[in-house]
Amino acid sequence: MKIATMFSDVVGSFWKKPATVQYPFERVEAPTRLRGKLEWDPEKCTGCSLCSKDCPADAIEIITIDKKAKRFVMQYHMDRCTYCAQCIESCRFSCIEMSDEQWELAATSKVPFEVSYGREEDLAEALAKFALADTVETE
Amino acid sequence: MLSEPITPVEDLLKQAEAILIPWIPEEAIQGLDDGYPLMLNYTDRRIKVTGTGFPDCLDVNVSAEELLTVIQTLLDNDWGYLATITGVDLGVEAGEIEVLYHFCHGTAVVTLSVKVPRENPVVPSICGIIPSASFYERELLEMFGVTITNTPNTDHLFLPDNWPDNTYPLRKDFVMHAN
Amino acid sequence: MEAIGNIVSLLFFPGGLFVIFAGLMYEWLDHKIIARSQNRIGPRWFQPIADAIKLLTKEEIVPDGVNPVLFAILPLIALAGALTAALYVPMAGLKPAYSFAGDLIVTVYMLSLLTLSIGLAGANAKERFSLVGSTRALTQLFAYEAPFLLALLGPAIAAGSWQISEIVAYTETHTWMMILQPIGFVVALIGLMGKLELPPFDSPEAETEIVAGALTEYSGRGLAIFHLGKGAELIIGLTLITAFYMGGVSNPVWFLVKTVGLLAVLAALQSLMTRLRIDQTVGMWWRYGALLVLLQWLIIVVVQLV
Amino acid sequence: MMLEMTQKEEKFIIPIGPQHPALKEPGHFEFAVDGELVTDATVRLGYVHRGIEKGAEARNWNQNLYLVERICGICSHIHAFTYARGVERLAEVEVPPRAQAIRVLVAELERIHSHMLWFGVAAHEAGFDTLFMFSWRDRETIMDILEGLTGNRVNYSANVLGGVKFDVTDEHRKTILEAVDFMEKRTKHYLNVVTTDAMFLQRTRGIGVANLQQAHRLGILGPTARASGVKRDVRVDAPYSAYKQFPIKMVVETAGDLEARFVVRLKELFESYRLIREILNNMPEGDLQVKRFPRRIKPGEVISRVEAPRGEVFYYIRSNGGEMPERLKVRTPTMMNMASVLAMAVGHQLADMPMLLVGIDPCFSCNDRGVAICNSKGDHDQWTWERLRQHGIDFYAEKV
């Protein structure tokens, strides 16, 4: 039976750097394997839609413009994404990647969370056909 | 503290079979060299090797009336502990609800399966033998609507108090709407 | 002229604004030291002020079933008690604004008004956590009050006066009382922790059991005023103990150094202890606290007779 | 006021939860007290019931892996592990040994972070915030490792059906070994604190005792049961996955009080450290995943049992040959341990209640799994997002 068993920790920590950081002013770097915002490469895609089928959160839509010409547009609902990376596993042609830099994803409206990927001309066509969200990000 | 050596799963299952022998149909045991039913490929549903034939499971079909006796026999012989009670709705066509009582002992699992009609599902409460089964029985009651005779507590466990009567979410005819 | 002087001493210094502001600063220091001893950064200096301002601007909700007059007036009584007490102590190392024979007793009881008000505020509410909290606060009050008062009377006996200014004049010119009366010092210090409901004596407001104890129903202004009162009590308690036991407070610099040093000790004690249950707190005070103080008194009496 | 209440209701009931500082997750407890003494206790669960068991019947095998991962926010890997193991057995797929080892490695890292988290919370409930802060600071080293290894701090999504997603590189191996050394040193220190600190022992020793007989009767599981002398640990009784090659020792205490629960969990950490070192030093070579995992699984049923940080997790999975499971039953350890709290509470001080509650390491999300949103009119459809949104808009429009 002792008292003050944490004494050495308490005294010692005055000489140590604090374990906490003041977040918005000071950032801890994210690891390289971090799963952030999804990125899609339209060049390799064959339109098999396995990513969309296996997505547990219904976050991916593959819109076919011309199947023979391999013209597809991906609509990515970032607000639904759970960042589980199953789409990367399901994709047999490795057209999906997840950024390790874009992870501070917060906004006051839902608009920035509707992301469309694709070649420029495909996007324009898809926009005309399916009335996609207003903000469109191009590759 | 060193752990004791693991009893081989065959031995555990043989013990279970020895205990449960009155409930295993004779045709299942006949024609076996060592009287070890697991070696047989069953077509009889009264005793079955689980689906793909995992060598660590023994399933025995019992009737609702026999259930308490079987469980008492298992416990009297000190075989395992109740892991959980699972309800499975076999669908409107089959018209049955299967209630599974899983007992674990080391690597082996014995499952007692009770099939009750969907219209009037009734099983006896096992709380008299295993008091901790009360939570499982409450869950079974609210999710499948299986009437459990003599269970000490029939209050809702998970569902809200204002949940409509006669609506059992885990039955197959309870449809969830997708977005 | 005298009227103006009175108003200044009541509203600004040493009562009123100064005590409130200093109390908030000491509270920040307390939080900061604890944070650093737990290897955290801790709050920035304006945090307690920001908290107080936020609470003061918030809408105050008066719950159903309470006596609204009592609900509104109790925080004021608590703060008024603490601010009145500030008038009789050598705040910031300067002479007390008012002084009369026996003002030590009045000061100590002014300080108890805070706990009494908190207890009443809890009993006034219908809420269960408040009721349990107020029961505990009052139980604890009866436990530490006697030993704490007796511990403060130790130096008074040595000085032969019950007037704070005279005791301080005595302690300034003699050896530090904490060396002459170590038991009294320890009891007074722990008594102050009990009075301020700091860990390990925070069971009246143990958040993991009874949310915020007696003050659960308070929000906005009432809570802010109670909070300010506690800050004021912290600084008054520190001043009294440094003045009595640590060789007096002859000027503002010494005052600052000694009180901050004492606060650091308090913070270290807080961070090393586990919260006691209320039965353990009461048992400890009556079994050890009271007995130790009586022992100290016995020693004082024997020494003085010899 | 107080007299009035006690006369009217006879019992003075202290409600704890659904929102209460002692509970980090929602659950509702009612303690009837006489002064400070608890005379009766009841519990109401289901506040985080999300319909996962039903939801699993409408998702395919792959999607369910991430659904079950979200059963619990702390032991997420364990649920995915149990599910994946069950489905792989059902599909008769052999997982490569390296993948098995990595799964167990992550599971043990998760056990460390879960036990440290519990340790901090328990210290906080006892009112010892310094211990809380330090144990959580040390827990961060494990969180950082998990983040570096898998990419996420929680919900690592390390598993896929038929293997794991990532490899453990030499660099990871080095950082993990360093962190494990540091943690071992710290754990020794904490074990010393909880077994010798007089102030802390006042709150733990002899409090909430459940002896062996009671433990059996109440069906307690996991470390809580092992603190009462129940020798039951799935990792030892029925070694699964890589635990066959890397066996583990069971930690059992007999006192059955809160102190024993602290000691069991902390001693288990030493076993985890040893196992992690062993795995890292003898990592089997090979693939990380099987080439192809079937999308449809032939009919059958399987039972999968895994030892989570809180006790045995039990999965019953039934397939009807389709892309989706026919039935997925999850039994989490908290469910059984919850009943033990109620039994242990009676006769203790109110101040001990948070400690007792936390002593079993409750996980309400694990416990409540669930169903659909309902309204009182008897309309039991699940609300769509649209409907929910419209409801919100109408609600506020009415208010203004």
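We call the chains A, B, C and D, going by the order they appear; numbering starts again at 1 in every chain.
Methods note: a residue touches a chain if its C-beta (ideal position, glycine included) is under 8 Å from a C-beta of that chain, and two chains touch if they have at least 3 such contacts.
Small disclaimer: the values here were computed from a predicted structure and weren't measured.
**Student:** Walk from chain B over to chain D along touching chains and report the minimum step count.
**Tutor:** 1
**Student:** Tell me, please, which chain's centre (mean of its C-alpha atoms) is farthest from the centre of chain C?
**Tutor:** B
**Student:** Pick the chain whose C-alpha centre of mass, unweighted, sits closest to the average of all protein C-alpha coordinates shown.
**Tutor:** Chain nearest the centroid of all protein C-alpha atoms: D.
**Student:** Averaging only over C-alpha atoms, locate the centres of chain A and chain D and give their separation in whole Å.
**Tutor:** 27
**Student:** Using mean CA coordinates as chain centres, what's the gap between chain C and chain D in Å?
**Tutor:** Each chain reduced to its C-alpha mean, chain C and chain D end up 43 Å apart.
**Student:** In angstrom, rounded to a whole number, how far apart do the mean CA points of chain A and chain C lie?
**Tutor:** Chain centres of chain A and chain C, defined by C-alpha means, are spaced 53 Å apart.
**Student:** Would you give the residues of chain A that are in contact with at least 2 other chains, written as numbers and ranges?
**Tutor:** Only 3-4, 6, 9-10, 19 qualify.
**Student:** What parts of chain B, by residue number, touch at least two of the other chains?
**Tutor:** 179
**Student:** Where in chain C do residues touch two or more of the other chains?
**Tutor:** 37-40, 271-273
**Student:** Which pairs of chains touch each other?
**Tutor:** Chains touch in the following pairs: A-C, A-D, B-D, C-D.
**Student:** Please name which positions on chain A make contact with chain D in the complex.
**Tutor:** These residues of chain A touch chain D: 1-6, 9-10, 19, 31, 33-35, 53-57, 82-86, 89-90, 98, 100.
**Student:** Which stretch or stretches of chain B touch chain D in the complex?
**Tutor:** So the residues of chain B touching chain D come out as 1-4, 6, 50-52, 54, 56-57, 81-84, 86-89, 100, 102, 104, 106-107, 109, 111, 130-136, 143, 156-160, 162-164, 167, 169-170, 174-179.
**Student:** Touching residues of chain C toward chain D in the complex: what are they?
**Tutor:** Touch list, chain C to chain D: 37-40, 65, 123-124, 126, 128-129, 131-132, 199-200, 202-203, 206-211, 271-280.
**Student:** Flag every residue of chain D that touches chain B in the complex, lowest number first.
**Tutor:** Per the touch definition, chain D meets chain B at residues 45-46, 49, 51, 53-55, 58, 89-90, 92, 216-219, 231-233, 236-239, 247, 249-252, 298-303, 305, 312, 314, 316, 318-319, 326-327, 329, 331, 335-336, 338-339, 368-372, 374, 376, 378-382, 384-386.
**Student:** Can you tell me which positions in chain D touch chain C when the two form their complex?
**Tutor:** On the chain D side, the touching residues are 1-2, 5, 12-15, 20-22, 33, 36, 124-130, 133-134, 137, 197, 199-200, 202-203, 349-354.
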